[in-house]
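What follows is one structure encoded as structure tokens, with my remarks underneath.
Here the chain labels run A, B, C and D in written order, and each chain numbers its own residues starting at 1.
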Amino acid sequence: MCRWLAYLGSPIPLEDVLVRPNHSLIDQSLLARNLYLPHDPRAAQFRRSAFPTNGDGFGVAWRGRGGTIGQYRQIEPAWDSQNLRHLAAQIESGCFLAHVRAAPGGTIAEQNCHPFVHGGWMFQHNGEINGFSALKRELTLDVDPGLYPSILGNSDSEACFYLALSFGLAEDPVGALTRMVARVEQARRDRGVTAPFRATMCASDGAQLVVLRWVSPDVAGAQAPTLFHSAGATALRTIDGGEERLPPDAQLIVSEPLELHWSAHTWQEVATGTIGVFRPGEAPVFTSIELAV
Amino acid sequence: MCRWLAYLGSPIPLEDVLVRPNHSLIDQSLLARNLYLPHDPRAAQFRRSAFPTNGDGFGVAWRGRGGTIGQYRQIEPAWDSQNLRHLAAQIESGCFLAHVRAAPGGTIAEQNCHPFVHGGWMFQHNGEINGFSALKRELTLDVDPGLYPSILGNSDSEACFYLALSFGLAEDPVGALTRMVARVEQARRDRGVTAPFRATMCASDGAQLVVLRWVSPDVAGAQAPTLFHSAGATALRTIDGGEERLPPDAQLIVSEPLELHWSAHTWQEVATGTIGVFRPGEAPVFTSIELAV
Amino acid sequence: MCRWLAYLGSPIPLEDVLVRPNHSLIDQSLLARNLYLPHDPRAAQFRRSAFPTNGDGFGVAWRGRGGTIGQYRQIEPAWDSQNLRHLAAQIESGCFLAHVRAAPGGTIAEQNCHPFVHGGWMFQHNGEINGFSALKRELTLDVDPGLYPSILGNSDSEACFYLALSFGLAEDPVGALTRMVARVEQARRDRGVTAPFRATMCASDGAQLVVLRWVSPDVAGAQAPTLFHSAGATALRTIDGGEERLPPDAQLIVSEPLELHWSAHTWQEVATGTIGVFRPGEAPVFTSIELAV
Amino acid sequence: MCRWLAYLGSPIPLEDVLVRPNHSLIDQSLLARNLYLPHDPRAAQFRRSAFPTNGDGFGVAWRGRGGTIGQYRQIEPAWDSQNLRHLAAQIESGCFLAHVRAAPGGTIAEQNCHPFVHGGWMFQHNGEINGFSALKRELTLDVDPGLYPSILGNSDSEACFYLALSFGLAEDPVGALTRMVARVEQARRDRGVTAPFRATMCASDGAQLVVLRWVSPDVAGAQAPTLFHSAGATALRTIDGGEERLPPDAQLIVSEPLELHWSAHTWQEVATGTIGVFRPGEAPVFTSIELAV
């Protein structure tokens, strides 16, 4: 269970959402709150209360100089990283993704840290494909052979990204993400995996944010990871007791709100089973994920 | 707030206490339980419930080949470290110290990870010298000039170790540790520091364990960090639901018991204000810390 | 271009070959000498004289407690690692592999550090499959589906290991390694790769060392990476000007001799195109690699 | 022996000097060339040809947003760091310092990586105070008590920086650096250290570069580390065979030129025993270091 955020709007220094809010992403690296884990088989491994720690790596990707994409990833925890604080204070961007990782039993490597970046797209994920080790080979085989060698890590998240790229992410983001979800669900059925595929994801080309919230519909009681988007003016309470105003055009999508106490008016839940597209100066457009049967 | 353990007895693989118990030191790295923090000014920084994470480094030191002392330290968290699991499975010792670090606001460096090793002695600490930045210079000046260049990090813990070495740790461990505590308390008085010096410490030459529990007596309501020692036969419940028996001569001293559910019969609290000396095959001897006035 | 060594014989502390000789593996991490690179296209990238640095990671695997295999890997360079020096001084083994990595343009990750360990076997490699990114997908597809999810990194070396495991390494090491070489060569032909596959490899189950030296025979002038084995009594000159005697039954296989000045009497070259099997107390047996056409 | 560079001029992306030139700082991390080491006692430790590797860490500090100073440091080698390449491509600055570290026998820690930053000043060093462990205590005692707790590492370089800060770096950079050199030389005399203090240093407040080149004058044959500054228009040959032009107002000071083949017309040596001050749009001003006797 990881935590992520994505920002679109007038350029701001990254620290305005990564560091300064009283429940910033750095704070969530040490103690996340909004977690639905009671039915997750992995919860038992670490006992419920241990899961809130997202200390297995950090990453950020952003629209940078001349439309290129910048990327920074580290395996050390976010909370005490001096590099992270300095970079967040110095780098400004109008479109960025950031992620803190929890990888119980997983592989700790810079290459497994989100966001992943390839071909002008950034991508991050919270959740998991349960039973991934049984599905990994066939899912990876469906990755475009030209893209296959660019896979550097061994995570389910990176496999999802390369499937989406193979299915046309650049041309049709909503369609490509839908096909990726369908492909994973098919693999689950083919292999008889009964535990759910759970995901919140964000893909971006630096101009728009495409987000997804999903849980396998065949698993009774399974819940998707949480996902919220900001609605209306966003004034965030800061760690020093003050308040900061984000630009009027700021759009934020987050695993959990950046404030310890928050209102459902300003942080709205993204519905499970939908894909949302956020573009500058427009209201987000949500589409239901319909899997062809 | 860190967590540590120390073992003395017939040689065992380190994993028997670091990894296998259901509340092993690795488990404590992700979620420690026995914490007294309500009056600690540093608690506010991270909010109480965030403090149980000890993810800022790990270390172990042990009596090794031919009486030499081995040491391994890393800044990455203990919980998912493959190296740690392998080393704990392969290395056997009859005397070792292990430590998981929480360093809110501190400096993340291998050199600041415990246990420290110098001149045939190992040393580890949980707690803090409040106001250390104001006291550091004068305390460090009292370190023997011949030892001074061996200080590699910048922590209060390492300063305490080198003070104890300077005050005769090798010849008179109980006396040296007492003089170190007295020196720190004097510095607090000289500088008017009102927040307490809190410590559980363990020093060892590979043949004995010398442990200390302390809190500044002038601070009303201040509590020492927790410290327990095993009493009688130790059978530990393991993470896989079984039970393992440590050797009959095993002596364990721990920040908190290695079991999620434990009995005060088998885990006895070390009294605040005392130094305990544990030797093979003998009952521990406790001495009150009396500061000359 | 990496450097490795493998040891079989009476148990010794790892430091006797990793640290103490005057051209130990640690020394080779900073400045390797025996390199044939003039015809290698990758040499141009870093200019010939830059290549001797093997600073992209270190690893060791060894036959440990109760016949299990221990493993330690790190991405930091070997030369100044305190952990490495401590572990090498404390761990004794009668069968171990050690490796320092040079990965120009490659992916720096603990998971890409050698030796790899799976199913009771250790494996390490020096050299490269030129054009690997074009061959990777089909080679990986030939890995046994049950083994596929255990691949953690993205290197050509790990692919070779899992191919050999898939081809029966445990039952028939010489046959499995031969089939692996044949499979890689076939992939080169199928894809029209003209640059050579170059390799020295070592596989071990803790009881024997199976080593291989290879270069694609179709590439005029291409040379295999160097490989030597010790012959007769081995007395190594040490970094402090002394000399240490290894046990009489010691067998060493190395990318380059562990001494700055050495004799071809005591360090014999392994012939290109052969596989050598080293067993305790026996003379090594060499077999030519014959690829079925 | 480390390598560093400093830039002052119109803002450029850091990669223009860190990555793109054919002997960029990244290239120098793997193979530096201009080294005077024959008389240095430390050379024997690693043999002359091994010394060119600067793989013990990397760092950069720059004038950033709103006049603040940014800082990034890592212990992993520069040459294969993806983070470094990304940051160098994205961050632009008109004043920055960058450093690759070689620390034979030293302590590998982020806190020992240059540039150091404190109180609006950046600082980096190449060279060493021979016999530092004997001098460290008294030199550190001369650091202003208010600055003392900010020392995080254990290197001679950081001690020099804090001495310079204590001696008035902010008010009188040339005077403060001169007093720092004098203080170190006095300590050498007091302790009878016969091996030289060797240094090239750069201090900057983001508006000017103050550089220093020094070797103890009492040691016959001792040579200062190399130091060059650019003179006139700077067109650098790039790693891909092209050429890039730096801004007309660019001023560069480097341990060695950023080109494999270079002219003494465009890269002029800084005289040993001088301090140079570089300000925007002005010719550098050099002052002899005169130690009061």
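As a convention for this text, a residue touches a chain if its C-beta (ideal position, glycine included) is under 8 Å from a C-beta of that chain, and two chains touch if they have at least 3 such contacts.
This structure is a prediction, so every number in the text was calculated from the model and none was measured.
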Which chains lie in contact with each of chain B and chain C?
-> A, D
So which chains count as neighbours of both chain A and chain D?
-> B, C
Look at interface B-C and say which pair in A-C, B-D or A-D is its repeat, using the rule that over half of the contact pairs are identical by residue number.
-> A-D
Quick one: report the Å distance separating chain C from chain D, using the average Cα coordinate of each chain.
-> 38
Residues of chain D that touch two or more other chains: which are they?
-> 108, 110
Any idea which chain D residues touch chain B in the complex?
-> 107-111, 132-134, 136-137, 141, 145, 148-149, 151-154
Hey, which residues of chain A end up touching chain B in the complex?
-> 27, 30-31, 46-47, 49-50, 53, 55-56, 75-77, 79-81, 103-106, 108
Of chain B, residues touching chain C in the complex = 13, 62, 64-65, 68, 70-74, 82-83, 86-87, 89-92, 110
